[in-house]
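Note that the chains are named A, B and C in the order they appear, and that numbering of residues resets to 1 at the start of each chain.
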Amino acid sequence: MASDKGDPGQKSQKFWENFMKTLFFISALTSVIAVFLICIFLFAGGIPAMFKIGLFEFIFGRKWAPNDVPPLFGILPMIMGSIYITGGAIAVGVPTGILTAAYMARLCPQNLYRVLKPAVGVLAGIPSIVYGFFGMVVIVPLVSQVFSANGNTILSASILLGIMILPTVIGISETAIRAVPESYYEGSLALGASNEWSIFFVILPAAKSGILAAVILGVGRAIGETMAVIMVAGGQPRLPNSILDGVRTLTANIVTEMPYAADLHREALIATGVVLFVFILIINLLVALLKRGGN
Amino acid sequence: MNKFSISQLYLYYDNFCALTDINIDIEDKNITAFIGPSGCGKSTFLKTLNRMNDLVDGCKVTGEVLLDGTNIYKDVDTNLLRKRVGMVFQKPNPFPMSVYDNIAYGPRAHGVKSKAMLDEIVEKSLQSAAIWDELKDRLRKPALALSGGQQQRICIARAVAVSPEVLLMDEPTSALDPISTSKIEDLVLELKEKYTIIIVTHNMQQAARVSDKTAFFLLGELIEYGNTNDIFSMPTHKKTEGYISGRFG
Amino acid sequence: MKPIKKPLGHFLALITKAAAATTFLVMAFLILYILINGLPHLTPSLFEFKYTTKNVSMFPALVSTIIMTALSLIIAVPLGAFAGIYLVEYAKKGNRTVKVVRVTAEALSGIPSIVYGLFGMMFFVTYLKWGNSILAGAFTLSIMVLPLIMRTTEEALKSVPDSYREGSFGLGAGRLHTIFKVVLPSAVPGILAGVILSIGRIIGETAALIYTAGTVTEMPQNVFSSARTLSVHMWALTGESLHKNESYAAGVVLLILVVGINSFSAFIAKKFIKEGK
């Protein structure tokens, strides 16, 4: 044959095969290296501050006053701020999202689906800075008018984030609802149940682990959101008394104060990032467990 | 003269033994048919002959497969092996490119760059697959736009283009209509002049029509092997007789 | 047998309709509101070459956005695509490294952009001493979009029929030849859809850039210049209540860019699926 084993073309081909395979492998490791580096730098940058401040005082401290003498670095107000706003966003976004998903997957006519599906895509694509601006010029004045108070509140942020998590909740719930075997639905119809009844009491319960994953990912999105929240939530680092109070979230704390923070103050902000990161890791873990349970 | 000489071949998928103690000699420039019910191991065995099974995770082969006296499971470059032992698949699988590029794909992969040489190979290969006249004006058309029968002949031409010594055909007509099937069968008989052909088929008549030798497989074992005429007229084994007369399978 | 209550069924149908209508109306209202309020403020002075406090030009920000996007893609696309190729074409099923890669990629896709920003600030800006620069911003963003590109590449490669690979291997072509000549060409539209989606995310990103690329208004000189992308520009403008109109205008440009890009990606993906059949 023309090309035998020893020929140079064959050898250089072998070389390239191995070279590219190694290159592909190294590329595959990038994500591992990235996660590793993020953990190292975040923890190394933030954890010392936690211990200097005192872990308990840091996480459960009720007062954040970096300019006081001595400074106080309690991030409980921010933790609660993130939790309140996320809770509010869930209250606004999850029912709407799941119902929309149910409508899209089961009830809506084909023509309407062709409009709704891209609409959800558009919502997913809008940058958070644009959402934030929209919140600032529409939602905040509206809340301010209705309740005749300052509009930069938990409520405003919850409504805005509720809208922002819609595409996440809708997308994943829709997939989960569509994955329910048709036989469940048919079985229910065969017993004389109506179409809607079957959807609510047979299909949605059957899709519950997927829908739960959608909700948890929505929580992840809401808790990590930064720019939009800063623009509508007011930003006061204090424990709120009502949903018409302004608050500051963990994410907002970092962005707001980073420009003028130094030394321990700066480290405390990075430590705020660590707390946020841990929240996100827990959420990821929950989703992973849910997926494993689903399979 | 023997092209392939296989002895004590076992093949495992993880712990499942798919082929048991296969011993068979395959003659040069002849057509050998592998028959047997679905899942009997005939396709698996076919794929051991050009090591396509290497692509399956957890597949392990023991024993000897000699091609012209060299064990292909020892110290053989699989790419060169597959150049010598070409393959045509059950479903026509032309690449999503033009007819010309499909045929030239193999030669290019093996380092042929000259345009004139490729033109010549494409023409010759299409001629030997008896499809040149139909397609000579449509060489730049996408191969996927052709009919199933034409696609399969493109695949045969593509296999021929790297000038192999052996052609393995894995139920090459099972996805085709009767007219295309008979065209392929005629083609196979013509190709026999130049190549050693091994064909896996479900179709008894096809095996009887085209092959010189027939091997009957059942549950991963080679039950009977001999001249096609003998196998179909007086099988020595009960199971072979049962299968051929249509009692199972 | 007890008849199923009709009113309940009607009510259930009604609330799903109401929810879907809300979703759609919110989307439509948001887009129209920004467009109607913003389009009139898209004046030529906003696109003057040089930024001054008087013209508040977004032109330097647009240029920075383009450079930032291009640089991030140059880093992330080969890495993400190669990683996808490794996972689909080389890795054996159940391989432990592959599991680790998948888990970390998933973790990356869940990390909020502000955490990327913090990391970028500590690693690229401070530790590697790149300072606030386009380079630091682009590296930060490339890590952010890496999982997206990896996943879309993986999915695109998986959708290429195995019969193509078999056909190629059966002719004695090597793995590399098979990947580049047969598999990748068929997967390109899918990968492209992922890349375009990444462009949308890069253009829309703010939090990861404020402390990595900075907020400088000037036209960038090179990749070590600090610069603001359009999103960061809009953020800076909203902080100054004087510039509401310019914020609207920036919002319009961002919206058109990102929504347009995402629709384009969806279009490509759809076309790809059709042709695949």
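In the analysis below, contacts are C-beta pairs under 8 Å (C-beta built on N, C-alpha and C of every residue); 3 or more make two chains touch, one makes a residue touch a chain.
Quick caveat: nothing in here was measured; it's all calculated off a predicted structure.
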Identifier of the chain whose CA centre is least distant from the whole-structure CA centre: C
Chain of greatest Cα-centre distance to chain B: A
Between chain C and chain B, distance of the C-alpha-averaged centres to the nearest whole Å: 47
Chain A and chain C, separation of their C-alpha mean positions in angstrom: 16
Inter-centroid spacing, chain B versus chain A (mean Cα positions, whole Å): 54
Numbers and ranges of chain C residues touching at least 2 other chains: 174
Numbers and ranges of chain B residues touching at least 2 other chains: 80, 83-84, 110
Per-residue multi-chain contacts in chain A, two or more chains: none
Residues on chain B engaged by chain C in the complex (per definition of touch): 50, 52, 55, 57, 78-84, 86-87, 89, 91, 93-97, 105-106, 108-110, 155, 158-159, 162
Residue ranges of chain C touching chain A (in the complex, touch as defined): 1, 3-4, 6, 8-10, 12-13, 15-20, 22-24, 26-28, 30-31, 33-34, 37, 78-83, 85-87, 89-91, 97-98, 100-101, 103-108, 110-119, 121-123, 127, 143, 146-147, 150, 174-176, 200, 203-207, 210-211, 231, 234-235, 238, 244, 247-248, 251, 254-255, 258-259, 261-263, 266
Of all residues in chain A, those that touch chain C in their complex: 13, 16-17, 20-21, 23-25, 27-32, 34-35, 37-38, 41-42, 45, 95-100, 102-104, 107-108, 115-116, 118-134, 136-138, 163, 166, 170, 192-197, 199-200, 217, 220, 223-227, 231, 251, 254-255, 258, 270, 273, 276-277, 280-281, 283-284, 287-288
Touch list for chain C against partner chain B, complex: 92-93, 161, 163-174, 177, 181-182, 185-186
